[in-house]
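Encoded as structure tokens, here's the structure I'll be asking about.
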Amino acid sequence: MTGKLTSFLRNLPASGRIGLTLVVFWLAIALAGPSLAPYSVGAFVDQDVFSGASSRFWLGSDYLGRDVLSRVLWGSRYTVFLALGAAILAVCIGTSFALLAAIRGGWTDEVISRAMDTFISIPSKIFALVLVAAFGSSLPLLLLIATLTYVPGNFRIARALAMNLVALDFVQVARARGEGPVHIALREVLPNMIHPLLADTGLRFVFVVLLLSGLSFLGLGVQPPHADLGSLVRENISGITEGALAIIVPALAIATLTVGANLLIDALKPGGKA
Amino acid sequence: MSAPEKPQSSLAKLVPLIGKRVLSSLLTLFLVSLVIFTVSGLLPGDAAQELLGQSATPEQVASLRHEMGLDRPAHVRYVDWLGGIVRGNAGMSYVANMPVGQIISNRLPNSLTLAGITAVISTVIALTIGISSAINRGGKLDSMLNITTLSLVAMPEFLIATLGVLVFSVKLLWLPSIALVTPDASWGQMLRSMALPVFSLTCVVVAQMARMTRAAVADQLDRPYVEMAKLKGVPFSRIVLFHVMPNAVGPVVNAMALSLSYLMGGAIIVETIFNFPGLASLMVNAVTSRDMPLLQSCAMIFCATYLALMLVADIVAILANPRLRA
Amino acid sequence: MSAPAVEVNGLVIDVTLPDGTRKAIVEDVSFAIPKGEVLALIGESGSGKTTIALAMMGYSRFGARITADTIRVGDMRIDQLNANELPKVRGRRISYIAQSAAAAFNPSRPIMAQVIEPLLVHRLANRKEAEAKAIEIFRSLALPSPETIGRRYPHQVSGGQLQRLMAAMALITDPELVILDEPTTALDVTTQVEVLRTFKAAIAASGATAIYVSHDLAVVAQVADRIVVLKNGRTSEEGTAGQVLEAPSSDYTRSLLAAARPAIRPSADASEDKVLTVSAIEAGYGRITNGKPAIPVLSDVGFALKRGATIGVIGESGSGKSTLARVIAGLLPAAGGEVCLDGEVLPADMADRSREQLRRIQLVFQNADTALNPAHTVGEILSRPLAFYHQLKGGAAAARVAELLDLIRLPRGLETRRSTELSGGQKQRINLARALAAEPDVLLCDEVTSALDTVVGAAILELIDELRRDLGIATVFISHDISTVKAFCDNMLVLYSGTAVELSRQAKFAGAISHPYTRLLVDSVPDMDRTWLAQRAAVERAAMPGASLKNSAGEALCRFLPRCPVAIAGTCDAMPAPLREGEGQAILCHHTLANLSSAGLAEVS
Amino acid sequence: MLIGNNLSRRSVIGAGLAGAGILALGGCGSNEHKAAPKKGGSIRVATQAASTADTLDPAKGSLSTDYVRHFMLYNGLTCIEDESLIPRPSLAKTIESADRITWHFELQRGVRFHDGSELTSEDVVYSLLRHKDPAVASKMATIASQFAEIRADGRYGVVLRLTGANADLPTIMAQPHFLIVRAGQSSPDGTGTGPFRLAKFQAGVRTEVIRNEEYWIPGRPHLERVELIAIPDEVSRVNALLSGDIQLCNAINPRSTRRVEVDPAYAVMATPSALFTDLVMRQDQLPTGNADFVQAVKLMIDRPLIKRALFRNYATIANDQPIAPFQPYFNPDVPQTVLDLDKARWHVQRAGLSGVRLPVFASTAAEGSVDMASILQEYGSKVGLNFAVNRVPADGYWSTHWMRHPMSFGNCNPRPTADLIFSLFFDSKADWNESGWKNERFDRLLIEARGEADEARRGELYGEMQRIVHDKCGVAIPVFISLIDGYDRRLKGLRPVPLGAFMGYRFAEYVWWED
């Protein structure tokens, strides 16, 4: 296992290593961040607002005089876990449907594909607006919205992959042996899609981070006093001309997280190394 | 082996395909309307309540509701609306007291112009970046462009737009910070007021398109026919233009169509920041005011745009590929 | 004697490995070709023959580095040209004919544009002149409708035609050196003969020097003046064609020659009971009406196979050989006819067959690269049928996997490898072992050696032959190579365009009487004899009115009619061919069996 | 600067009613600005909201965009044009009432609509009666239900009889909803008597008006052309101002004022207003119905923090009752509630509510409520109350959440009279009795004050009502929020009118442009 890990690291190009470092860093922050936070996430600790970095507030304070460091540490938890959860869910669901469509073909394929078209063609942010208006904002709902938004995209990719694989001889061999569709899907087809699917999960992860920040722009983000990284940027945006850390830090966090994930994905893609 | 194809016959072969796609598109449109109707049915309140606002008394709401026909059961309203659509009548807006068609015809040209200009610009940029990257695979230019597209991907849309405004409008005073599109504006004014929205949207879509283009072109560059062309002494630029592009155009157009379908309905953030009177904000408005006929029609337009783009992408792929044409 | 037209000295080509070290893939190769002669580069895959050929154009794949004391073509020192000068030489003074024309032609451009491109990019002619010249060459290459064939797209012409069109593309600039990289390997034998003949004539006419890359000694024998035999990037033997073929000096050359001439095996002691009976199969694609599919592939095909016996199914590509295997396996349900196993009629669709029925017929796919799931280890691949058919799990399964590996002569340590880590021959053995794991009664082998090198392929054939003997498995052996079928099979089924034109026992088809099509197949296989191509008379087609395959009464005529050299006017084009049955032989032909003996045919023609 | 003008108001109203019952003559604008206004100029103005529901019908106006548009196109019978908040005659030359039940309006002569027709009593009767028609969906239907009878009295006279005495009618008639439209127009198209004519109107997008050359008040307006748009996004609105795309806008976030003021070409105008965002504690539900709980919550609100952090001091500290210090009838004797966590904790413990978990519903629909909720949550945790902030979208907030949960936030726009705010929000039978409280004495005082002729007595009554609300009502009002407009300094003549942004939405008639 450790041997595999070291050889994996050794084979990773420099950009991939940078990406991996960034991703691991943010994962660690997401896991441990809140316990490192010097202040409670909603505490009004600074008399001033948008103050600069100081020994009390390492990253300054936000528009209400709250500690930016603490808020970013908490915010990255929401962003990373929501995005990761939604990306994994979207890929699992999309790929399941893709396998079903590719193996059953015919009407099943047509109906699933049309249903996916339906979801892809409804603008996701407006869809989110409707859902939040109907059910109120909550973490499960945000997760659901982000998942629903990216299922069709994954479905398209996974279906194309599965279609190519289903046509290959080893699937014919399994069919000729008399294997059932579940075995064919899970044992024959799926293992050969793992790499591109991993890359796609990474890509969806980046998209979800950006979607969440878009949703928080529209006021549909995480419940206060908590905030995901996008909401942090949004709520402090009036400090943009003052160059407030309260907006720069979460924006940088989003950027490093997404760039890191992208670099890692590119490095993982076979032949994807630029 | 098949007989040589006459060019007309290959076009004629597209017709049944288009027919089939239009039929399945109708199915998708129907599904979309059903989803929108169902989901919006979950929304609290209705048009009457929202129209009367905070100050409404229950009697007022009830009477307005009756007048709007909102007191009829949901399925009756849906069938009614569907019947109207089939006859080409999108119905009356509950809120604006105008035919939905008229409201939309005020906004649709704006959205189409914005999407169109962005599509042209971002396609050109994406193709340039994608192709330059692909032919320099592994080179310095490739990694530089890769970093550029990555950084673009990493920026939340609203941040790009806001920074654009701060730099180009507030600091430099070059461009208007809001899109003041009037129907009687000159082309110059129009372009000026669209510059920043187009810039922001281009940043959003171009990265993904460029990356897809790179992948598609790089894939073709590995094909034996490219080696054959090299061995014929064909200059590289000619290989890319005349050999690779006709083959890469299918996947590239597909990726572009996917990205571009975002430009209509996905432009909500850009429309908000630049105060752009487009369809996305109209749809949000329809959600807020519970204006179902308007909401449905907007959703239909977005869906139709997406399907049309996909169809165009498929047709281009077929026209570019004689194998599919036959 | 003037200086040779092409001279290569001390050619070394090396690649950089991921760890930074360099590895030579071609080492110290030297040769010279006199003007107008053809040099053949012979070797198995990985011998570096294509790499050397491409080096003649200063071109290398995968960033390999070419170094040489001299690479001279005419007055050009290829080894001294820079990156700007090389493209001016390529396609103009040295041209290249690739192995697969289907891949080397750009699928989305018309053929004419691609054929004349060398003239245009080198500014040797304007478009009009170029097209005129192309048409002229098309005509000289005996291409059909030379005026219009250029307007077609690559997928709209046949493989043989495409290969000739590529030759046109190579010859259009009147190059000094033409490199032919396995130009006939992908073709059917019957087509190969025609293509070889045109190539030989065209090159001779142009006066160009040529390098012919091939793994097939018999083909090389027909075209080459000199031969260089390569092994692992080194010269194994070099000499004139006659010398190398008739008196090879290296063991390696001798082993290549041996593998090219398979020895005839004795028939197995087949029992009398028929394990597999296939009768009156109709199969194809699309909607089925009245037991006939919309796009028919097979019509009225049948045979019977005894336990432990072998039947060879041969025919050109598109004749329906693989479809027959798929129909027997149930992958493609037949529209009509029956497949019986031990007298029990099997359901047409495999979905309706029982697990036991499925187990008893196993299909071995042609291409082991795609038939083995790259995500699975050898152990997983082999134990799946054990668990599926025999409920073998854990230790018992592991033991059986080890046995199977022994059976196919592979080391036991291979269980943990993935198929991607195996060589082509190893993959094909695993492919075979997977089928054997089911312990089948009938083994369907679909072109199992066509993707392999001759020597490796011969070893696989031997293995199959041994196994079916030892295990008593009846084998359906599908091949396009009649010499292999001749050597291995007890019976032979000849398919032409989906119909069985001949079914015979080994004793018979080795002998004199055969269908005109079978004869054509046999005659098309090149002999090692250097004069074979020259001696073999071009097959003249019968001049028959109309190529319609149905007579006025709507009855199907002999499908071979348009190509038949001995067709009888007024009979063959008027009535369906009758079935002539003789001892252990059935032939669909208007000629009588007596007529169909070689002597009889000679009389007729 | 606006405090203490209740005196002047009292005297005028008193004079108007006790004397001949005639309001001061001269029409709106007797209070002209000193500098000589310049004629001409064209400006673009942005409000914070627009939608497809934008309307040309004054009765349906619901957003500041509508009010601004309607005041440009139409006139009312009266108008309020300065910080004194005294209603002045506009289309009505005189307004008389002996009993505050039957009112007689005498119209200006020679006033013409934009289509050239003359304003007559018929138009006024039609305009006022519309509000009683349910099909019109008037926002003022509740108030219009007080109209018992409206009839013409000759070509230029109108008689309006109320169902009960209401001394505030002249103020009510100054409301944008009661602007006068042409008789017979079931959906008014912008043809009014106002200072501007409609040039272009696109709901949810823009309104363009040009100067009405024949405006009945000589010398007005000064601007040639006004384009009214809406920029809902605050950052965009400020950016548009700073990049010169608009010359005037409202609803600037207090946090943005520094950005505007560092640029010498732009300025902000703060209008102290009685606008407030209040925390509603339903009295008919538990635990919010517990008096100790209500007391505790009022004591744990850090009003200076809210004023400083949320509003950057663009606010006035409030005292849990709706009358602002600068408004008429404000009672300065009610003791100010201040942050006292110990006392709050004592109340929480007495109520036995320590550790109780309670959702608080907040939304951007109620300005500042989300942040107020966060602050409440933070202090709540210090006194043993566990509040969960539930931010819900602005969309549907009023119909779905407001007053529907034990704790939610409300938002109340400035109302022109004390009677209106009390009867709309605090009367126990009021539709928007937010906390659902019941106080019989308060209800009695409200009716008494409405018909009370004696201003001193009226002041006493309103004073006591403020004390009752402060002590007993389940509504906590932390601060009154100032309205902040941003403008290009070349725009002259702008001054705050505490009724709302944009000089009480009526800037267009007064301001001028100096290049």
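Chains here go by letter, A, B, C and D, matching the order in which they are written, and residues are numbered from 1 within each.
Just so it is clear, a contact is a pair of C-beta atoms (placed from the backbone, for glycine too) under 8 Å apart; a residue touches a chain by one contact, two chains touch by 3 or more.
Remember, predicted model here, so these are calculated numbers, not experimental data.
A.B. asks: Quick check for you: compute each chain's CA centroid and the global CA centroid, then name the chain with the smallest gap between them.
C.D. replies: B
A.B. asks: Please compute the C-alpha centroid of chain A, do the same for chain C, then give the distance between them in whole Å.
C.D. replies: Distance between chain centres: 50 Å.
A.B. asks: So, what's the distance in Å between the C-alpha centres of chain D and chain A?
C.D. replies: That pair's centroid distance is 45 Å.
A.B. asks: For chain C and chain D, let me know how many angstrom lie between their CA-based centres, rounded off.
C.D. replies: 90
A.B. asks: Can you list every residue of chain C that touches 2 or more other chains, as numbers and ranges?
C.D. replies: none
A.B. asks: On chain B, where are the residues touching two or more other chains?
C.D. replies: Each of 43-44, 162, 166, 170, 272, 287 in chain B touches at least two other chains.
A.B. asks: Would you mind listing the residues of chain D that make contact with two or more other chains?
C.D. replies: 235, 394-396, in rising order.
A.B. asks: Which chains are in touch, pair by pair?
C.D. replies: Pairs flagged as touching, ordered by label: A-B, A-C, A-D, B-C, B-D.
A.B. asks: For the complex, which residues does chain C have touching chain A?
C.D. replies: 329-331, 350, 353, 355, 358, 362-363, 365-367, 370-376, 384-385, 388-389, 434, 438
A.B. asks: Mind listing the chain D positions that touch chain A in their complex?
C.D. replies: Its residues touching chain A are 234-235, 253, 255-256, 258-259, 305, 308-310, 312, 362, 364, 370-371, 373-375, 377-378, 389-396.
A.B. asks: List the residues on chain D that touch chain B in their complex, please.
C.D. replies: 44, 46, 51-54, 62, 134-135, 137, 139, 141-142, 187, 202-206, 229-233, 235-236, 239-240, 242-246, 394-396, 398-400, 402, 431-432
A.B. asks: So in the complex, the part of chain C that touches chain B is made up of which residues?
C.D. replies: By the definition above, chain C touches chain B via 54, 57, 59, 61, 87-92, 95-96, 98, 100, 103-109, 117-118, 121-122, 148-149, 151-153, 155-158, 161, 169.
A.B. asks: Residue numbers of chain B touching chain D in their complex, please.
C.D. replies: Answer in residue numbers: 43-45, 49-55, 57, 59-60, 63-64, 67, 93, 95-98, 103, 106, 162, 165-166, 169-170, 173, 176-178, 180, 182, 272-275, 277, 282, 285-289, 291, 294.
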